[in-house]
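Order of writing sets the chain letters: A, B, C and D. Residues in each chain are counted from 1.
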Amino acid sequence: MSCQKKLGFTSDYMEGAHPKILERLMETNMNKTAGYGLDIYSESARDKIRSACKAPEADVFFISGGTQTNALMIDSILRPYQGVISADTGHIGGHEAGAIEFGGHKVLTLPHKDGKLTAEAIARCIRTYEEDANHDHMVMPGMVYLSQPTECGTLYSLEELKAISTICRDKKLPLYLDGARLAYALACPENDVTLPDLAKLCDAFYIGGTKCGALLGEAVVIPQHDLVPHLFTMIKQHGALLAKGRVCGIQFETLFTDGLYDEIGKRAIETAKRIRKALADKGYTFAIPNPTNQIFVLLTQEKADALSEKVEMGFWEKTEDGKVIMRIATSFATTDEDVDALIEIL
Amino acid sequence: MSCQKKLGFTSDYMEGAHPKILERLMETNMNKTAGYGLDIYSESARDKIRSACKAPEADVFFISGGTQTNALMIDSILRPYQGVISADTGHIGGHEAGAIEFGGHKVLTLPHKDGKLTAEAIARCIRTYEEDANHDHMVMPGMVYLSQPTECGTLYSLEELKAISTICRDKKLPLYLDGARLAYALACPENDVTLPDLAKLCDAFYIGGTKCGALLGEAVVIPQHDLVPHLFTMIKQHGALLAKGRVCGIQFETLFTDGLYDEIGKRAIETAKRIRKALADKGYTFAIPNPTNQIFVLLTQEKADALSEKVEMGFWEKTEDGKVIMRIATSFATTDEDVDALIEIL
Amino acid sequence: MSCQKKLGFTSDYMEGAHPKILERLMETNMNKTAGYGLDIYSESARDKIRSACKAPEADVFFISGGTQTNALMIDSILRPYQGVISADTGHIGGHEAGAIEFGGHKVLTLPHKDGKLTAEAIARCIRTYEEDANHDHMVMPGMVYLSQPTECGTLYSLEELKAISTICRDKKLPLYLDGARLAYALACPENDVTLPDLAKLCDAFYIGGTKCGALLGEAVVIPQHDLVPHLFTMIKQHGALLAKGRVCGIQFETLFTDGLYDEIGKRAIETAKRIRKALADKGYTFAIPNPTNQIFVLLTQEKADALSEKVEMGFWEKTEDGKVIMRIATSFATTDEDVDALIEIL
Amino acid sequence: MSCQKKLGFTSDYMEGAHPKILERLMETNMNKTAGYGLDIYSESARDKIRSACKAPEADVFFISGGTQTNALMIDSILRPYQGVISADTGHIGGHEAGAIEFGGHKVLTLPHKDGKLTAEAIARCIRTYEEDANHDHMVMPGMVYLSQPTECGTLYSLEELKAISTICRDKKLPLYLDGARLAYALACPENDVTLPDLAKLCDAFYIGGTKCGALLGEAVVIPQHDLVPHLFTMIKQHGALLAKGRVCGIQFETLFTDGLYDEIGKRAIETAKRIRKALADKGYTFAIPNPTNQIFVLLTQEKADALSEKVEMGFWEKTEDGKVIMRIATSFATTDEDVDALIEIL
């Protein structure tokens, strides 16, 4: 094989959209609709999502990206004196350039366990706050932020999520889940948390589009109607309201038609599984073992440099002992040929 | 013609995108690129825009929508103790749900003249501030916001813009121009302000995509490199950074190839001209005379109701004497057939 | 009289505090108390204020200044998508350096009538918002801000205030009243609005200390207990919580003992009345007629300059025809001798 | 002695002000001055502070409290995309109810060492940021926050402070120091950092009044004139501008006359020293050894309960093994008799 171009496994947002999405954008292109998400495609997409979540009363909104969605939901749920509990590895804490603080809120970080929060740690955090004689001088924990899969690609089990939901409801803390890569959780054989489970256990969550085969867009699901009043206006205020709201509506309608969202997840998981097996067989070590579409492989700098001549991976971080963690990510666009080629190179 | 469906003239964001944009999204769809606007399409689009603006050093960023762009640029240019001068009809004042205040800034409104600010009014505002013995207790004017065309569809002449730019530079107030519908200004025979003029006279402006034939996206142009340092991080902080930045890049690359942006503007202006002439011939009155793609026609309630049975128009506002102002808008998607049908109905 | 020093009538915050306040600070100085307003003096002051307002359930908080109090109460009452209705002459709109916008909220200004809002204008503003088809893109009116006396020194009558309160309650808009100079309203013979009236008609208001004889401090009264939950924490968050909260507590305890607050108001009103009569007798014109402690007199520039050689007045503003409005203010510290001397000079 | 009342050692803000301050407030009470800190007392206080700091060009502002001052200075120094580096024990991180986040900024916490930051840790934090390939998605370190003494009562040595200042200047990060209890640092024999040292090494710092013998008030010192432009307006915007600015000016003028600030510090340090020696002699353990006016003593719950019947101490925190840390604080108001009585009880 005379490989002029490097293989690309850097991330799950390297291509455009799943071809079916582009086709549907083409088909509907000249139809005239209302703006701001009040169009028939967005309405249809909302219905399909409500149905997939078995949440017929849910409010559903489409937002252009993940940081936007997180900041919006946190700002609209919290009162000014409250903060959001997150694992210290949470996306909102480190990689959103202060978007949560821009909205006036503190991220209350707890040490993660495999990228996850535990019900116990959340309970302890709340108890510590409640028992502190000076807690009126402190930011009150006002909601909990999780992601599924986590930043580390790991998954909450249904049992773990139920335990967290229970403590949240007991303490009246809304539970919000960031599903930027939710398709890859849902498609995992190891996963036992369904969309209806999320709708039952969370107060709000989002179904990721951008990193799961759409051009852009995330679908916020709020199972209890009007839990967050005037969210439309807050979306506008955050600059997150698209005039051509149909751009997200059409994409999510397509993703939730004929199982496309599942199919996208499955392709990525199956290819990741093959790569993971090949890596294990060849004796590579996983820095953060996980079953989803992001493989974090631990390499010496020399090995990383050598591999990088043939395949583009995502740089994750340096370890203290001078090794590097590289990310290999799969997506809807990962072909069997690319996987074969990658395995040969490893 | 047995017209089952109403004619649609509500707005310029009722359809998807210009077909050439969708074609280009299709063509490039499976090519792998870097994220966050660092891809080759975005780079090419930036070059084409720099060239069209004759601003080779300009920083160019792509943002998903107009409110987002306005809030971002105002927040990143102003210091906390400053506000932004705007006509009282300015989009940032009334129809952005408080996005500027969300960022901590006051909109300092001045009475408009045909939707426009004048250099004199700006100078007077600054003078009033400077001469007020208590001005240290007041919000300092920190920049000027214009739009071209204005909310009323009117245009600044080159002379007017030069006068405003002169007072701004004299007083060291950055001048920012909102070009959500800039294509329709540029395509107007009445217009004498070019992109290079804007690059010379403004400190920042944006070239509108969403309302000028794109699915979404606006191109911010900052003629002087690094005038606004760390804008990338502020884009992220505002939740305005698209992971698949190429989505905007590909669209703007297409809009600035082979004169597509001009062509889109021209189609809308020519069809608007035909409708405007027909309205005038039939004795209709224009509430806000202007030469661009939005026609504001003054109607009795009965006439408005009668027309609305056959054509969808945008409701603009009620007048004090009980009449209504309706908006008829054209776009890249307005066909000659629709214009013919509309004229027949009027 | 060989007057070496100019007479001082610039404002009502030119001296320290009423001597009784300083005496009480002296008396209590070495007693040890809890911090943060949890001391016995603050508790006693709260009780006296509740009693004066006939509002036994009221929450009472002491804040260091007026802008601080306004920003705090507006931030803690509004939701992020809401703004505060104010007369365009309101202190929050022009002379608080953007403190309300710093908290993320828009001031929705309505044209004033003698410095006042009317129930009709408020109702019209709400109706306009409700009827606007695009109101989801706009800042929602979320509360009403009044001041008594107003920035112009004028007074709301009980009837006017009742009408405003009625529309506010009907529309579920909290009514907040800024009483920076409340002592001077309460002491006016023309006034028919008592503290218990305010407690009945407003959702929150503050009793001004700084401009009514205290060193500093304003007393926020929220008649309905816990209407604004966690206000203590928001006070801290706004940097408005004094470690030695007793400093305000002791002052307000003194002001509300043996009728001192009334006495302070009366002295200022009586001296203002004498000055006003002398001005009228001598043919001066009042720019903003009002019955409280601020006299706004219209002068030619020459007359203003001549007077200013002998008496310090507050510069208010220039009129369009080149005259000036000067403020003569009285306070607890205005002596009969100073008034005599001033009248002689006029 | 039949001791009806408990001894009070809870904090250094349990009394009013040093008697000399009250006397001076009395003396000057009826003198008329300009408002907002433009009075002769404030001007004199500024001069005395400039002189004590050997910083003749310094800008000096008086603010009502510590949280207010910290939030103000951080908001006015940082750009929106920047955060402030602080020890994880820093007051701004845990006990200011989110005041820094309210202003839109993230607190970037580093692990403390005896309550202190080290130059190495700061350098590492900046390097980590600079080397992270994704740092444009992260909050940029924009300034450094220290306190002297620290929250734990410990002191930075001149050498430590110089090292921190050097890395800050090298990296162009303004260095800001919170001196809420600065008098107690300055009065410590163990301390080798003077006011002129602070003026040389910091870009801004404040000299604490509230916890060092004033009724309220902190003096911000910015050695380089106009380093923070328009701070006056930001003070107003933060609600931190006192109309009777003289209240702070008179207090600081008094504190910096005839060595009163030193005298206040010395009394507290000497009494703390006696108590510390007595505790050590009797075998008590110090949870956080430090030489300043706060003694953190480690007690069993039983011992703490027993002592608390006779003396009021500040509760600091519970340890993991069930003990408690109690704070014994001294101040200007601590008498030898109280110290004798306390020692007898221990």
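FYI, contacts are C-beta pairs under 8 Å (C-beta built on N, C-alpha and C of every residue); 3 or more make two chains touch, one makes a residue touch a chain.
Just so you know, these numbers come straight off a predicted model, no measurement behind them.
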Check: interface with higher C-beta contact count, A-B vs B-D, is A-B
Return the chain whose centre of C-alpha atoms lies at maximal distance from the corresponding centre of chain B.
D
Size of the rotation, in steps of 5 degrees, that lays the CA trace of chain B over chain C
180
Using CA atom averages as chain centres, what separation in Å is found between chain B and chain C?
42
Roughly how far is chain A from chain B, centre to centre by C-alpha average, rounded to an integer in Å?
33
Whole-Å distance, chain B centre to chain D centre, using C-alpha means?
50
Multi-chain contacts in chain D, i.e. residues touching at least two other chains, fall at 80-81, 96-98, 102, 104, 136-138, 233-234, 236-237, 241
Sort out for me which residues of chain A touch chain D in the complex.
80-81, 83, 94-98, 101-102, 104-107, 133-134, 136-139, 315
Within the complex, which stretch of chain A touches chain C?
75-76, 79-81, 104, 136-138, 140, 230, 232-234, 236-237, 241
Touching chain D in the complex: which residues of chain C?
8, 10-11, 13-17, 19, 22, 25-26, 28-35, 64-72, 96-99, 102-103, 210-211, 215-216, 233-234, 236-244, 246-247, 312, 333
